[in-house]
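Heads up, there are several structures right after this.
One chain, chain A, appears in both complexes that follow, with chain B as partner in the first and chain C in the second.
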Partner chain A sequence: MKQDAFSRCHPAVSFLFFILVMLLGVLIQHPAFVAAGVCAALAYYLLLTGTKGLKLLLFSLPLLIAVAVLNPLMNRTGRTVLFTVFSIPYTLESLIYGTVLSGIFLLMILWCGCYGAVMTSDKFTSLFANLIPALSLLLVMVLRMIPNFMRKGRQITGARMAIGKSVAGDAKYTEKAKNGMLLLGSLTDWALEGSIVTADSMRSRGYGTKKRTSFLQYRFTLRDGILMFMTLFLGAGVVFSMLRGDTAAAFTPLWDVAPLSPFGLGCYLLLLLLPTFLHLKEALTWHILRSGI
Partner chain B sequence: MKKTKILTAVSLLLIPLTVIFGRKLPGRSYYITSLLVILEIMIPFFLSFEGRKPEARELVLLAVLSALAIASRVVIPIPNFKATYAMIMLAGIALGAESGFLVGALTALVSNFFFGQGPHTPWQMMAYGAGGCLMGFLFRRGLLPRKRLLLGLFGAAAVILFIGPLLDTSSVFMMLSRLTPETALAIYLAGFPVNCTQAVPTFLVLFFLGKPFLEKLDRVKLRYGMGDMAG
Partner chain C sequence: MAHFEIRDLSFSHATARGKACLSHVDLTVEKGEYIVLCGRSGSGKTTLLRHLKSVLAPGGKKSGTVLFNGMPLEEVPPFEQAAKIGFVMQNPDDQIVTDKVWHELAFGLESLGVAPNAMRARVAEMACYFGIQDWFHRDVETLSGGQKQLLNLASIMAMQPEVLILDEPTSQLDPIAASDFLNTVRKINIELGTTVILSEHRLEDIFPYADRAIVMEQGRIIADDTPGNIGAKLWAQKSDMFAAMPAPVRVFYGAHCEGTSPLTVRDGRTWLSRSFPQGASIPSLPDTPAPAASEPPALSLREVWFRYEKDSADILRGVHAEIPTGCIYAIVGGNGAGKSTLLKAIAGIAKPYRGKVSLFGKPNKGAKLFKGTLAMLPQDPKSLFAAKTVREELLEMCTDEEKIAAAAQSCDILSVMDSHPYDLSGGEQQRAALAKVLLTEPKLLLLDEPTKGIDGFFKEKLAETLKKLTAEGITVIMVSHDVEFCAKYADLVSMFFDGQIMTTDTPRRFFGGNSFYTTAANRMSRHVFSMAVTAEDVVALYQRNTASQEG
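What follows is the complex of A and B.
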């Protein structure tokens, strides 16, 4: 899989970045900040996933529209009544609030999409391997077993088919459910027996006798340090701006949004665009290097 | 062991403090407050697991049960037939409430590595874990008999009344601009049909597969001398 520059950084940097931007994304309701956030997150999301990610976004579009349009039915405190539905006043303020809310929701979907692409399961476990050794070992084992179990499931299906016990695609629900549960039952049998073998094998190799060491693929370099510092620095700028009241926004009953603060918005945008900038910088360097030959 | 207990106590004490402090924050900060509370509920479970230095057999058994719960979604080739809840509940019943919580939380986390992490991940970990914990508590030895009908009915009820609403609560906090009992009720009612469709496979799996599954686990425990593990 092709990886972008930010994905090659130390997992701690990526994890810190995503936790920070998600927290800020949920907390800040100022429309300008939300709009800027969605643009920045969308840029990085498309960079990571390309057109495939766009399709996924289209699926969540109905939900996003529903959040925006249905908000006035739930929150009836606005002043400017547009029209009435079922004797409920449908207000402009509430509609705007709903739109901002769905923007925040979209922001979360985008960041989670980026998180999924960058923080792969191996990075997640390597990050926590020393902090929670037993749990991260558990996590690794589950991740390993799933494809294993699926393969075995297919084998069982194949074996059942060979003795004429397969279920046709257009069979009744009860028939299918019965077949599926039989399959699950025999898979369970096989998996439980295997688990004992694995556990004994682990024990005979000395599991639990000493502190477990772990194989860590990622090294914290100077570049990771600089990135982490920049993330924290810009994050502190945004938080300072929040505490000053730059991001205060109330929509209902009356529109009361703080005036735009270039400092806060600037910090926020720079923070969110860090991974994208990193990618552009590398692409540019590569381009210059190549043209120099 | 002592460190674990102190950390657990601190974590539990933090819950009311978080709620009190969270109320003072402006705007829709209740989403963050709720996330913090979820973390503070889950941390004691994780810490006590780490603290007792689990043996290899327990570790592998928990991993197998969690992996089965996730794989069951793919192995049974019927759309929307989700045996995951039933498998988590059976894990809780067989190994005790605490292990049920661990299997549930782990299942939610890992299945989201495959189906995509989202703002709902902590909520799912909490809800799945609580489901396994509740069933483990209800069906521990001596409380409720492990009859197939009882297993099925309690499992389905747990999905409709407990796990489903817990998951819907994340939508309540995420999508509502103003929290009132009526608006929250609207979200819960919207989630009700979905929860019912989830309850059907849970009932079926617990009814037909529950007893044999528990017997299989008991047999493995007996055969390999893991009797002290049962909760």
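What follows is the complex of A and C.
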């Protein structure tokens, strides 16, 4: 994995950050905020994933364009008619609205991509191990079972193929379907058998004899505290600005967007750029350290 | 005070219709002892071991007592049992509960409610002791079978148990991973003083170090002695289990010697040197000829090259072989050398990008291949089971009652036709799977690690079945780690290394020429006899030579 300063923070900090920015991202429709959000998220996303992430974005591009272009066909409340398609008035206002919507959509894709790279499954589960131990363990076991199930599935498929019971190839459709059903049955039997062993293994290791504690992978340090405070502080600033009406925006039937508030936008940008700042700060430190040698 | 004291323990399963699984077992385990429990599968080893921990004890009718540290086991609270009695099971995969290595190590401690700081220390300590620190953060799924089983052991040891019980822990591992694992167990016993009770088929690696060997048969303990003396008892009783003893023991008593047997190859060599100080006058047995080449060959591989992806490394690098019809052909080689891939290439599942594979003179193609030409028995027989009874399993393949009866007969599973496949023992499961495979009426049968996880007795049965098949003209190709099995039953053996077949010869010449990759019987006798590869060979030569010395 790529080295990233923010990824090494306590999971609670990362989790809070992502929850906050995603919520704000959905709630705020003000075009300036959306544009700033996309820029900030894109910067961090590219830092995390590099060129690999860019490819994913290119794939989602058609969808984003479709959202923007097709919105006027659904939403017909604009005033400025550009032209008519199938006797539907295609208006400028709803086109702008669609563009903003697809910006929000892109923002969510970017944040989800960052979330996936930063919040690995074990971070998530260890975060909730203390709060909801049973649910966290369940999640961990599911995460263990999925690849196990897939491996067994491949094994069975291969084994059955070598006795002429393939689910692919040029056999009759009905036969292939029947083989597929048998494969599924076989997999279920096997999984049930395995789960008995797993249950034995759990009880044998004292599951349920005492109240569970959990192995702490991550320690909450002062730095994490400061970061969390900054996240909350900047978040509060944005919310304050929202309540003041700085982010109000209506596009149809008439363009009615609140004037730009430097305070709100500043808070928002600073908040979103926190991980990027951390990343760059560390890169800079390394650069200085290295050139000092 | 004894660690475990088992007094007159009898037990029968709720479903077993009165058949006793354990009858009148008496056993005392002292603190710090290393005990090996051996016996055929189904002899009650697992049942006995499971009675040593209440949560794992099977349901059924039980009489007698089990004392743990002088206290009846039922009265020892579950919390204490969980911490003090560690239990490692057979299957490396299904025992693992969580998805990350670190979490699995901590799982037991989390359950026991150990405080976070103490837990960090213990997990760190165990990870170091077992050399896990390099894969501490990995996903469990990315580990090899040997690593998984080591993880299971480590996560039990993190709870600091007083006694470690292991139920056939290496049956699913390859020989190198298995001996690594067993060495670790031995290290735990010696360095930490943990009592070890272990059941195993593979006795070569354990016998020299165990304090006591206990042999079970039909739910009874039939012998309980030091490993050096146990062979004599079994030999005198003419027990089936004698065949499972390490090669030096089998040779020693097989040659009618008396006293304490050698246990290791080294001791066996010393004993043979002493027996024949002037060397042997008859150094080798007459060689069996290699099976004659047939026209067309059952299988011919010409310059077969294969890799999984365009940019990955070649797995098969110009494999060249011709295998005559009606023989048992064994391919041996290291782990991950590509033996299984070679089988896939033969079966047409992996498509070579260069070279030719032909079966009985015809190129292998299409789905027709699996109907009457070729079939493969997978490593894990469970991957073929899809029905509720063995009979239904066979009915899935064909509806002709007579053919089914014949296949069941030749695989010796007539008595279990109405059982659920999962209720069978490992050896029976394998024979049921084999019967299923045979119903496709293959002329060429591929076997992937056929002796994995089955005991000596069932191996012999498998060999009988295979011999029967070759007598009917079926060609058998197997890849195996089991050099003893290949030496005893194969007609031709090949060494697979570096993506190629390096050498092919009859087992005697093949193993007789190797010094490391060969059987224990050969390693202990190669300085006196040449080309004696099985314990039977060594015994025969020993007897001929002593006779000629006296005469």
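Points to keep in mind about this one:
One rule holds in what follows: the second predicted complex is superposed on the first by the 280 of 293 C-alpha atoms of A that agree within 3 Å, B and C clash if a C-alpha of one lies under 4 Å from a C-alpha of the other, contacts with A are read in each partner's own complex, and residues count from 1 in each chain.
Heads up, the rule we're going with is that a residue touches a chain if its C-beta (ideal position, glycine included) is under 8 Å from a C-beta of that chain, and two chains touch if they have at least 3 such contacts.
Just so it is clear, the structure is predicted and the values come from calculations on it, not from any experiment.
By the document's definition of touching, neither partner reaches A:268: not chain B, not chain C. By the touch criterion defined above, A:212 lies against chain C but remains apart from chain B after alignment on the C-alpha atoms of chain A. Of the two partner chains placed by the overlay, neither chain B nor chain C lies in contact with A:17. Shared-chain residue A:75: touches chain B; no touch with chain C. Looking at the shared chain after the overlay, A:45 reaches neither chain B nor chain C.
Once the two complexes are overlaid on the shared chain, A:189 sits against chain B and chain C alike.
Legend: residue contacts after superposition of the two complexes on their common chain; A:122 is shown touching chain C, with no touch to chain B. Of the two partners chain B and chain C, more residues of chain A are touched by B. By the touch criterion defined above, A:132 reaches chain B but does not reach chain C.
When the two structures are aligned on the shared chain, A:202 is found in touch with chain B and with chain C.
Touching of chain A by both chain B and chain C, each in its own complex, is seen for residues 121, 137, 141, 143, 148, 183, 185, 189, 193-195, 198, 200, 202-203, 207-208.
If you check the complex, the residues on chain A that touch chain B are 22-23, 26-27, 29, 67, 71, 74-75, 77, 94, 97-98, 101, 105, 108-109, 112-113, 115-116, 121, 124, 132-135, 137-139, 141-143, 145-146, 148-150, 153, 173, 176-178, 180-181, 183-185, 187-189, 191-196, 198-200, 202-203, 207-208, 248-249, 251-252.
Per the touch definition, chain B reaches chain A in the complex via residues 26-29, 31-32, 46, 49-50, 53-57, 59-64, 66-68, 70-72, 74-78, 81, 83, 102, 106-107, 109-110, 113-114, 116-119, 174-178, 183, 186, 201, 204-205, 208-209, 212-213, 216-217, 220, 224. Per the touch definition, chain A reaches chain C in the complex via residues 121-122, 137, 140-141, 143-144, 147-148, 151-152, 155-156, 158-166, 169-171, 182-183, 185-186, 189-190, 193-195, 197-198, 200-217.
Note for the complex: chain C touches chain A at residues 53, 55-56, 77-79, 82-83, 87, 89, 91, 93-100, 102-103, 106-116, 119-120, 123, 139-141, 152, 155-156, 159, 347, 349, 366-367, 369-371, 374-376, 378, 380, 382-386, 396-397, 422, 436-437, 440, 446.
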